[in-house]
Structure formats: structure tokens, C-alpha cells
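Below, chain A partners chain B and then partners chain C, in two separate complexes.
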Partner chain A sequence: MKNKLFIFFISCLGILSSVKAGTIKVVTTTTDLKSITELIGGNKVSVSSIATGYQNPHFVDPKPSYIIGLSKADLFVTVGLDLETGWSPQLVASSRNTKIQKGAAGYVDASIGIGLLQVPTSANRAEGDIHIYGNPHYWLDPLNGKVIARNIANGLERIDPSNKSIYEANLQAFYKKIEDKMKEWKAKMAPFKGSKIIAYHNEWVYFETRFGLDVVDFMEPKPGIPPSPSQLVKVIKEIKADNIKVIISSPYFTTSSSDVVSKQTGAKELTLATSVGGFESIKNYFDLFDYDINQLTTVLK
Partner chain B sequence: MFEMFQLPFMVQAFAAALITGALLSYLGVHVVGRGIVFVDLALGQISSLGVAFAAFIGTGLTSIPLVFTLAGALLMSFINIRDKRLKQEAIIGILYAFASALTVLFISKTPHGDSDIQEVLFGNILSVNWSQISTLGIVFGIIGLLQLVFFKKFFALTKSFELGENHLIGIFNFWNFLFYISIGLAIVFAVKINGVIPVFSFLIIPAVSGILLTKNNLVVFAIAFLVSILASFFGLNFSFHYDFPAGSSIVAILGGIFILASIYKLIHLAVSKKTVEV
Partner chain C sequence: MKWKNALYHLSLVITVLLSEMSFAQVPADSTAADSILLKQIEQQMQSGIQPAPQQARSSLSFNPDIGVIGDFQGSYISKEKRNFNAYLNETEVSLQATVDPYIRADFFLSFSRDPETGKYGAEVEEGYLTTLSLPAQLQLKLGKFREAVGRINPTHPHALPFIDLPNAYVNYFGDEGLNDEGLSLSWLLPNKKFYQELIFQATSGLSESPSFFRGDNNRFIYLGHLKNFFTLSDNSTLELGFTGITGPNDSSRTTNIGSADLTFKWKPVKMNTYKSLTWQNEFYFSRANLLDSFSINSFGMYSFLQYQLAKRWFLTGRYDYAQKPYDKKIVEQAYSLTAGWYATEFSKIELEGKTTNDNIDKRFYQAWLRWIFVIGTHGAHQY
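Let's look at the complex of A and B:
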């Protein structure tokens, strides 16, 4: 009897581990996509992100493990537009994994269906139209998170139709939580509607639009160009004229020029997270907004 | 040790590193002999300037850098100083600084100009594909063949720089021009696949290691060649097993080989000194 029980137990373990081995391997370019994929896929997926949350997603230095990870992946999720053009298409091509090449069932462009902002009207790059498809930092609007989640759920359902009901249920739960959280976040930000702020890089437009902030200017004279003396002078003037209280930046930019402006004007520097994992306490997509909104409301008070 | 070759992308990286290393280690012996080690960085910077300029005017992202680099190479081949107080390296340094400054100026008026430079010029050896490798092979093969056929001409030229007799070769020397064109083309294509620092290291470190280890000119070439192969293999192995960026891993191994060669040289010097004393 004992023996039989033992065998039963072992075979249970076997089934459990085979389920574990049968999980869908997902590789995402950023941690935000990883977090949302985990929320939608639940225990059916194992997800890894190439970029870390405190890294500038425009620049990632390829390592062998990234390509190996991609070569074994069932699903690849990218922010798209031209956020990762410098590295992710090359890595996906090098992986030679036909399941995740552009156009294949395992390729998810999370930007599909996003209402893009700052889409250039002319193709003249010299006029400041850097992102030819529009600003790619769209995950910083929680409602865009719903679109991302829908795209990821579509991808999972394409390659694993048998679990469609699970993904749909998780998706509905995600929608619900975003809507609940949105009420809380909006309420917190309400007193600061129209607050003028300065940002280091042009990556806050979606966040700004959703929560009614007003980013007056950037420390960078043009995206990707380090602050110039004349830009610092301009920003200092604007801070004084509009009584701006805060300069927001991201973990991967240096604070040296913001320091100068801060000392001259008394405006506070604030490093916000742009992705999950930007700071240790930010474990998932909801934490990201909790963190940033808490930080902002404290400073703007 | 050979597991990495089960993965196609590592095989491609190794093929690209071998081709790059083979030609650059050869050219490096000339470069070090002439005392112009910064020629690589200067030409690399001039091609960055080409990208910055192309991005600024909005066209010619692949052709303009090449034209700029070849023009830079032509310019450098004219550097032939009669005044003993000046070295060519000083002029090359000035070109480097000047090109860097102009690049910054152009970028400052071009949104995301820096990422254009990243994309157009600085490749990553882990994401190289076979069509890039075959282009590299053809360009490097032609340069290598040219250098091999006219080896004596190029070698005599380098010797004249080594001996300080370069004033004898005249303002415009066809072979000198051809040498700079070889370097210019090699650098543009190599940097596109390997990145700047790996190319600089492939050019200088094998040659210097060879010079440290032997006085025989032909053996210097052989050692340089061998060093580049060893560094490609062990560098990529190191990158693969410990998951480091590939370019920097190759440079680290090259650096390690240089240190070993220096230690050997020091011991050798100490021993030969002792035998003289005895």
C-alpha cells in the first residue's frame, strides 16, 4: 500500500514537472512587458526580459545569453515603433528562431492599436521629428497598459489556443485592476492638475497627458542631445517665470546638469522610474505608477 | 571549449573576428612600425563625422561616411614631416580632435544624431550575419591580396618611416596613398561589425605583442596573426561561458596576451643581462 502511494506521489510530481516544462517561454524586450505578460499568462508562462528596468531601453549591449534565450522562446514581445531598433531586430535575427520572427505567430508588437502621440507630420528629422512613428514611451499611460495586455493575450492565444479561456480571464482581471487603480491614481494627482514641470528626456508625454501635467521643457535641447549651456539658461528662466517646482529624470541619465539648474532655482530634482524594476520596490506594472505618483505628489505638495 | 560552435551566431561571430583579426593584425605591424597608432581612431572618428554630416543634411548615411574616410586617408597620406621635432602622430591627433569636435557640432543640431552613429557605424559582432561576413571577406580579401602582392613596396615604405628616412619618399607617394586607403577601408568595414575599441585592439595589440617577442620581421607578422586568432577564439569563449559582451571580451583577452608577452620580454631581458654580467 505504502509503495503504491509512493508511486502515485512520484507520478504526481512527474505530471507537475511536465506541466512546468510545458510552460510557454516568453522573452520580452523590457520589464514592463514582462510584468504584463506574467499577469496575463499566469502559471502557463515563464517570462524573461532582455533590458533591465534601470537601463535606457534605446541602448542595450548584446550578450550571448540574450540570443540563446531568444532561440528557445515561443513568444517574443517588443515595445516596437523605434524604441529598440538599435538592438532587438538584430538579436531576433541572430536567434534564427522562426517562431518569433516578425510576422510569425510568436511575434508580438505591443504597440498595435495604441493611440500614438507626437507622430511627426513631416519626415524632416532636422525639425525635431526623431521618432518617425511617434513617441515610443507609451507604456507610461496605464490605459495603454490595457492595449499592451490585449496584444500579449492575442499572442498567447495564437500559440496556445487551448488555454484561451485562462488568458481571457486574466486579461479581464487586469483590465479591472487597471480601472480600479486608475481611480486611485487620478484622485491622488487631481490636486496637481496643470502643474508645470521640467523633464530631462521626452519620454513622459503619455504619462503627462493622462494625468494632466504640463511638461514645459526638457533638459535636453533635442531628444538624445545632452543639455547645452543655452538650454540650461532657457530652462532656468522658465523655472523662475512659471515657479516650476520639479525636474523629473530617469535612472539612466546623469543628474549633473539638473543639479546646476536645481541649485540656481531651488526646483527639486526627482528621479522617477520609467520601467518595472527601475527601483527595487517596483515589482510589477502597478507598482510603477504607485511609485511615480507617490513621489510626484510628495514633491508637488 | 568548442560548445559555442553549436550555435550559429557564435560561429558567425568567430568567422567575423577571424577575418577582422587576420587583416588588422597584419596592417597593425605597419601602423606600429610607422608610429601612427592613432590613425585608426582618427579615421574612425572621420567616418563618424561623415555619419553626423549625412544625418544633418538628411541623406547619404552609408555613402558619405565612406567618402569622408577615404578623403581622410588621402589627407593623411600627405603627412610627411621634414621637421624632426614633429611626429606624424601629432598631426593625426589633431585630425582626431578636429573631427570629434565637428561631429559633436553636427550632432548638436541633429535630433538623435548620436543613435545614427551608433547604428550606422558600431556593429555588434554577436548579431553579424553571413551576408555581412561575405562582404567583409571580399573587401578584406582584396586589401590582403594587394598587400601580399606588393608586400615589398609597403614593407620598404614602413621601414623608411621606422628609420626616419620618410622625407625621402616625396609629398605624394602612390604606395603610401594605397596604404592609407587600405587602412581606411579596413577600419570602416571592421568597425561596422566589431565596434571601435575591438578594432583598435586588433590593430595594435597583436603587432605590439609580436614586436615584444621577436626581432625577426616575418616572425612578427606570424605572431601577430596567431595572437589575433587566439584572442578571437578565447575572447568569444569567455563571452559565451560567462555571458559578457563579446567585443569587450575579445579586447580583454588581447590585453591579457599583451601582459603575458610583456612579462616574457622582461624576464628575457633580465636573464640576458645576467648572462652578460656573468
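Let's look at the complex of A and C:
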């Protein structure tokens, strides 16, 4: 234990000394926001993310240690809606950092201006973990990445107007790259337009809409409710009736129920990344879609 | 019939146009812009996409966030004539909002049942303001609040992983805990290696607690707490806290309590909703000065181990050791086991069995069943 503590202290010192003086310190809730902030901020920013890419963004544990980074941050970027409601508001409040409180110049809600899907007409928890502002997994549409990037650039320009031209140039480069990559991704997905799939949790609607997939049902009977035997029976029937080839899931869900369905039907289980860092090879926002689309097209062939 | 249909379509387009214009995203000054607008509307109507509201997405009124927590219990005790009981133990109403750019307010109103009379009474469990913008990493709390004694006292009982409270804790602070009126100043230490927070609290002592008593004079209860939090790895953390409390007792003299808390948590980042383990301990030392040359020292502690078996199942075993603060020769020892089924974030069912033994009475057994249910605002997770 002593050894571990020592290693931890040393690594902390290492991280601290690697932060260049004069850079803008940014804390993001998720790795996708971190990646986009790095692409827009370039060498003007040092960015850290609270959540890792392989963890359920609804259920991040609000460890007090995150407060240290937040207390020193110049900019805080959140996915918003109510994705992080259980953990990020209290961490930001405990940071005592007035620069990053909601409404301050250093607070960026990346969801501003996003065209939201699945906005409920009533708020009723009988429907499970529904999100009252709409489905919050919007970063899984690459074109929404452009809106996120615009919001982040706005935030950086608010607190660091002297480097506005750099952020604007990086933003245009990001737009261009998204548009170029989008052509490639769309072309790859085109043969599979309308493909029916099963998903574990309702977090793919933006990806599905953008790339023309059809998520027929979920392993969870309702969002946030673990798969029940009756739901599995229903899903098995649907897979057989529609000849569905794949069940997609995320790194932070168990595969036990998908295993059962897969065995019964022959449908393939596929764990896709929902965020940058979900798998080791996914280093940035573009890698995320490269990875998922490569995986999907291989299985759907 | 045709014109009716056309009129209907026209009115639909006008309505959508008007609502779209209120978002002020598009310049409304040229016909070219209008045709672009129409195209956008068509697209949106087809895709079912709704534009994000430009307003901040909190409730559009200034009402505070409201939550209501119900705590229904059934209980059994072996040593009394009336063994079984069932009751709505508590209804807690929380009201929380930011007051202005400088402070926020939190109120927790409790409608709870007196175990002696069975009658329900209303009280302010907590009601305090917290500053948002003090300099030098300071935060001030003012009002009535659960004080910063270790890990159990600041936690509302419905959020604990067991139904009864540890014997030592009840002996020193009572069933309601040390929950008093005054001010609390907390300082986030500028320590970059690990999290360190120092809290100082001064309270009136008017609230009931077995250890402290507000007399006729102007003596207050003072409390200091140092919280140290270490990240051992991505998956495990350690918290070590020290608390010192001094205040007047019912003999108009001073009682001093020192306590230490140690918590180890293992929670794999990737599968943190399925598996976890918590080992939590608190140790209390009390010195009650009762006469000029007579004081009683006593000691108490608890230790619990909580293991998450599956997404919804938790098992918690606890050991209590408690010397009675008024007579340290009387020693209580208890073992308890609690099984919890957490249906969702908004309801859980727990069953606890406990056996208690002290060196004067016969061993006795207790059991509780409770169902916690929450409506309204999504509460903050705890760590």
C-alpha cells in the first residue's frame, strides 16, 4: 500500500510539472469533450477529463479528488442535459471556483444548439431513466461534434479573447475534417442502410439516425432497468422474426444477458465504444467513429 | 373541403414559422431566408428533431428543486412484550435552489414518528445557506446542519447501508445525530497531492444530544474536522478523517470527543454499477468532566464491510463496540447483517438482523425491514 501511495504521489508530481505555464486549464466531464477541446485549443490548453472512456457517464463516482482539478480550472465543459446530474453539479459546487460555476464565463454546456431527439412529452419515471430534456448521448452523431466544438470555441474565446484567431482557425479545420470523414463514414455505412439491430441501452439514437440504422429493441426493458427474462424472450422473438444479425452494447454493461440471446439466435454480440478511450486504440473523436463503423460494417457484412 | 384542408396546412406552417422565429436563429429580413427557413422546417418535421431550447434548461419558474423521500419500516425486537411494529418512519421533503449569485439554500423538512408515543411531528432536519463565492478556497455554511463528525453523522439515515445506527454513535450523539445550529467554515487546503479539507464549526448546542447540553451561559460547541482523501488507484480510494469536539455537558462542565474515521473503497471504474466493496470504520473517544475532580473516559467504535454482489444486491456486515459514556464498565457488543435490494436509484428495500449483548443484560435480537422511496428531484450520488 505504501508503495502504491508513493507511486501515486510521484505520478501526480509528474502530471503537475508537465503542465506548461500560461496554458488554459480545462476540465471536461467526458473524454469526447476532452478530445474536441484539445483539437480546438491546440497548445493553448491543458485538458483533463473526469470520466474515462470506458465508464458509464450516468454513474461516475464523485470522488473528492476530482475537486482538486476543478478548483484550479479556467474552463469546465459538460455534456449537459441531465446526463451527469448525479455527480458533476456537486463536484463543481464543491470546487469553490467561481470561474466555472453555471452562468460564469468558464462554464460551457456543450449541448446548446443541438437538435435533440426523444424529448419526452411528459416526465414519468414509470418509463425508467428517461431524460426530461431529450436523449443526452448526442455526441455519437459526428455532425453534433461540430456544435460541441462551436460551444467549446465560444468558451475558450470568452476567457482568452487574445487567441481568438487561433481557436477560430482550429474550429474551421475541425469542421473540414468532420465533413471529409463524414463522406468516408457515410460511404462505408451506405450498404447497411436500414439494417435492424438490437442495443443494450438506449444511447445510440443519434448514431442510428445519422447512419440510417434501425435499432428495433433494447436488452433493457426500460432505460436503466436490467434485462428481465420476459424482455429477453421478446428480443429473441424479434431477432428471429427480423433476421437481426447483431446486438450492440457498451464497455460498461455486462454481457451475460446478451450471451443468452446470442446463443439462442446466433446473433453476434458487439461491444462498441461510446466515448474516446473506450478501447485503447481510440485516441480522439475521429477514431471513435472509425472504430465503431469498422466494427459494425464487419459484422453486418 | 379542399380549401379547408389548404387553410389547415397554411395555419400549420404559420404556427411553425412563428415558433421557429422566436428562437431568433435566422434573419427574417429577406425572401431568400424565408425559403431556407421553409426548407429547414420541412426537414425538421420529417426527422422529428426538436431544436434545443435556447433558455437555460432548468425549470422555467424559480421554484426550488423538490424531492420527497418516504421511509416505511417494520421492526421486531425479542426482549419486549410487543415484538412487532410497522410504521412510516419518516417523510423527508427537500427544497434546494440557488438564492442569488452569492449563496445557495438547502432545506430538509422531516415529518417523523416519535418511537415512544407513535405521534408524528414536523421539524427542520437541516436548513442552511452555503456561500458560492468566498475567496481563498473557503466555503461558509450557516443555519441548522448535520455536523462534520466522520462519515455517518453528515449522512441522512435513509442513505446509509443499514437501518439502525451503530451503538457507539447513538450513545454519544443520539438517534438524530449531532445536528445543530450555527456556522461552518470549510477550507480546501492548497494540497496538490491529495484532497484535504479542514472544517471548523461553532454551534449553539440547543439541539438534543447525549454528550452536549446548552446551559444558561454563553458556551458553544466547537468542532474541527480534517478530511484526507487518497486515490490509491483508478479503482480504489482511502479516506482518513480526524474530528475533535468540545462543548458543555449537562453538569455545566466540558465534554471532549475525539474521533477518527477510516474508509477504504474499491469500485472498478468500468463496472462500477455492478461490483464494489466498502470498508468503513469510526472510532470515538470521549472524556466527560462531570465533577471538579471526576471525569469518565469511554470508547466506542464500529466497523462495517459492504459488498455489492450484483447490480442491485448489496450485503453489509457490521460490528459495534460501545462503552456506555456514563459507565465504561457497561460494554455493548453487536453484530448485524443487512441485505439491500436497490430496484432503481429511486427505491430500495433493506432487511437487517442484529444481535446485541452487554455484560449486564441478556442477549437480545432485533430485525428491521425498510422500503425507501423517492419522488421528485434526482438526488446527488454519494462517495
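Quick note on the criterion: the second predicted complex is superposed on the first by the 278 of 301 C-alpha atoms of A that agree within 3 Å, B and C clash if a C-alpha of one lies under 4 Å from a C-alpha of the other, contacts with A are read in each partner's own complex, and residues count from 1 in each chain.
Quick note on the criterion: contacts are C-beta pairs under 8 Å (C-beta built on N, C-alpha and C of every residue); 3 or more make two chains touch, one makes a residue touch a chain.
A quick note: this is a predicted structure, and the numbers were derived from the prediction, not measured.
Participant: Could you classify chain B and chain C on chain A, in the superposed arrangement, as clash or fit?
Facilitator: Verdict on chain A: clash between chain B and chain C.
Participant: For A:86, select first, second, both or neither according to whether it touches chain B, chain C, the two together, or no partner.
Facilitator: Once the two structures are laid over each other on A, A:86 reaches both partners.
Participant: Check the residue A:64 against both partner chains and state whether it touches chain B (first), chain C (second), both, or neither.
Facilitator: In the superposition, A:64 touches chain B and chain C alike.
Participant: Return first, second, both or neither, reflecting whether A:55 touches chain B, chain C, both chains, or no partner chain.
Facilitator: After superposition on chain A, A:55 lies in contact with chain C alone.
Participant: If you tally the residues of chain A touched by each partner, is the higher count for chain B or for chain C?
Facilitator: C
Participant: Please indicate which partner A:117 is in contact with in the superposed arrangement: first for chain B, second for chain C, both, or neither.
Facilitator: second
Participant: Can A:96 be said to touch chain B (first), chain C (second), both, or neither?
Facilitator: Once the two structures are laid over each other on A, A:96 reaches both partners.
Participant: Figure out whether A:142 sits in contact with chain B (first) or chain C (second), or with both, or with neither.
Facilitator: Neither partner.
Participant: Is A:224 touching the first partner chain B, the second partner chain C, both, or neither of them?
Facilitator: The answer is both, since A:224 touches chain B and chain C.
Participant: Which chain A residues come up in both lists, the one for chain B and the one for chain C?
Facilitator: Shared contact residues on chain A: 59, 61-65, 67-68, 71, 85-87, 90, 93-94, 96, 125, 128-129, 224-225.
Participant: For chain C, which residues count as touching chain A in their complex?
Facilitator: 44, 47-52, 54, 56-57, 101, 104, 130, 132-134, 137-139, 188, 191-195, 197, 227, 229-234, 237, 239, 267, 269-274, 311-312, 344-346, 375, 378-383
Participant: So in the complex, which bits of chain A are touching chain B?
Facilitator: Answer in residue numbers: 58-59, 61-65, 67-68, 71, 85-87, 90-91, 93-96, 124-126, 128-130, 221-225, 228.
Participant: For a test of understanding, state which residues of chain B touch chain A in their complex under the given definition.
Facilitator: 4, 7-10, 12, 55-56, 58, 107-115, 118-119, 124, 126-127, 129, 239-240, 243-246
Participant: Show me the residue ranges of chain A that touch chain C in the complex, using the header's touch definition.
Facilitator: The contact residues of chain A facing chain C are 1, 4-5, 8-9, 12-13, 16, 52, 54-56, 59, 61-65, 67-68, 71, 80-82, 85-87, 89-90, 93-94, 96, 98, 101-103, 109, 111-117, 119, 125, 128-129, 133-134, 209, 224-226, 251-252, 254.
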